[in-house]
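Got some structures for you, see below.
Okay, so subunit A shows up in both of these, paired with subunit B first and subunit C after.
Moving on, here comes the complex of A and B:
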């Protein structure tokens, strides 16, 4: 077994994960918050205004990373769902539990910031076109995953149902992604595409990249933080959780 | 107190204790309104053709959702499902067969009514072909997704809002593609991509969704 497969198998073990993830949470929070602060101040204060949109374009520094990351989280949940269906890995289910809330909030934020951006530039906050609708659909998919977990009393069955729904919902992702190219829509096509010249000036690009990295790191930190909580709850009957709790009590006493 | 007041109070209290009685129609109202508004291109100034296409698609979607929402519920209650899960033959084929039959029972008659609807809504004759073709694929996808939603909520009790919340997000991309194909055909743009898209989704649904439904049925009997 090489290094990678060994680590992969170890990560599937709840006690190993619980102990190993603690330091990662701290560092991801520091990196994420730091990069977000730098990127946001840089983007809001030190980049030139857009020739057509003026200052309102600056919302890009939060809108684009949030929208992009929310899609990525959806895909990651679907992959975790697949892993859970095939190998019944506990950590995959714990990941699904922890990531849905963040995904739902990020999608809601992407929609909200899009509305705020749309009012000055499109002249309307909301249009029923393919892009906005499919992102709204993604929000409802996240809500469906959350509600389904609550509605099914048996936790094993709930985990399986959530996994199946997450996988089937992937149908929406290509629609979001390509809706700006396939359909007539007010939303502009992506400015940054692999294989194409970059459609955004470098002075505006750098803060966007910094913010994207920051949000990714912060999201990873938040997910790991909640995964540590959920793994304790899921494994509450086991020996190692009792040890952890006993140690914590000893520390505080 | 007269009979009116007694009956009024009693029914009001019953309604208060079962909030779904007022939430269900509210959700239905919002869902239908937003589905229609997202399918009509051009808003209030939309042409009669665009309106007809949008209305027929949305109506087919809703009728299919309602028809397939009760799938396997009877089998779950009377134990037939347990027999199906524990039999020797493949559960995949069993699921595929029963969903196909469900399509014949509920969607096929609806498709036969589509020309009547198109005539009632004054749809141009040259658009009937593309509408009918796209609705065939659409009804297959809607039936499979509807049965999937029904299996997800199996045994939770009759909960229309939950089913709609789970199933509609899956329906909307197909609705967008289907209506998009018809509208692009109307405005003489390239429509092939969207049409092939929904047929591809229909093929994928026929092939892969029985796996998912079978897994859910099995787990509904285990726990």
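Moving on, here comes the complex of A and C:
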């Protein structure tokens, strides 16, 4: 076995995952928070104002990364749901549990920042069009996943229900993505698309990239942190958890 | 300072960045509390088992 397959197999072992993931969480937090700080200061203080939108365009530095990441998290939960349905892999369920709240918060923030941005730019905070409505649907899907988990006491059945809802809800993702191209909407089409020239000046683009990397890294760190917690909870009866708990004194992890 | 006025858009820009700051801090430290609570809970469980 080479290094990769060996590591992959070990990651399936709960004690190895719990201990090994800690250093990843720390580094993802450092990179994530650091990049977010740099990108935000850069975007607020060291980029020119937009010709049409003035300084209100700076909301893009938070709105776009949050909205984009929230969809990616939904997609990742759906993939994990599929993996759980087909192979009953426990870690897939642990991932679904760990990512769902983050997805809900990021979606809520994307909606909030969009509403605030819309007031000066569109002349209205909210319109019931394809983009805004499909993102609202995504928020309800995340909340649905959370409620299902709480409402079904049997944890295996809850995991199955969550997986099925996550997969069904994937239909909403292309609707969000293409809503600005297919339908008439106030929302502008994406400025950065694969295969098209970038529709944003590089002086404005850099902080957006830095903040996107920062938010992605922080989100990965937070999800991994929750995965460690839920692995610990799931394995609560086992010897290695006893060891972890017994050695906890004085260790602030 | 002119910078704080954000070209007249201060009422839109700052609330969004303020909410984001609170959200990022909240999301980042929440698992730490969750972790500590679980460890305390497990410790209690193990101690009561050991007494049996």
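Here is the rule we use: the second predicted complex is superposed on the first by the 242 of 253 C-alpha atoms of A that agree within 3 Å, B and C clash if a C-alpha of one lies under 4 Å from a C-alpha of the other, contacts with A are read in each partner's own complex, and residues count from 1 in each chain.
Throughout what follows, a contact is a pair of C-beta atoms (placed from the backbone, for glycine too) under 8 Å apart; a residue touches a chain by one contact, two chains touch by 3 or more.
Because the structure is predicted, anything quoted here is derived from the model rather than measured.
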Is A:94 touching the first partner subunit B, the second partner subunit C, both, or neither of them?
neither
First (subunit B), second (subunit C), both or neither touched by A:36:
second
Would you check which partner chain A:210 touches, where first means subunit B only, second means subunit C only, and both and neither mean what they say?
neither
Just checking: does A:80 make contact with subunit B only, subunit C only, both, or neither of them? Give me first, second, both or neither.
neither
Taking the superposition as given, does A:44 touch the first partner, subunit B, the second, subunit C, both, or neither?
second
Contact breadth on subunit A, by residue count: subunit C or subunit B:
C
Between subunit B (first) and subunit C (second), which, if any, makes contact with A:232: first, second, both or neither?
second
Regarding the shared-chain residue A:64, is it in contact with subunit B (first), subunit C (second), both, or neither?
neither
Of subunit A, residues touching subunit C in the complex:
29, 33, 36, 40, 44-45, 49, 54-56, 58-59, 62-63, 66, 102, 105, 109, 112-113, 116-117, 119-120, 218, 221-222, 225-226, 228-229, 232-233, 236, 241-242, 244-246, 248, 253
Name, in rising order, each residue of subunit A that touches subunit B in their complex.
85, 128, 130, 133-134, 137-138, 140-141, 143-144, 147-148, 151-152, 154, 156-157, 160-161, 164-165, 167-169, 171-172, 175, 182-183
Residues of subunit C touching subunit A in their complex?
3, 6-9, 12-13, 15-17, 19-20, 23-24, 27-28, 30-32, 34-35, 38-39, 42-43, 45-46
In the complex formed with subunit A, which residues of subunit B make contact?
34, 37-38, 40, 145, 148, 152-153, 156, 159, 162, 165-166, 168-170, 172-174, 176-177, 180, 193-194, 201, 209, 212, 215-216, 219-220, 222-223
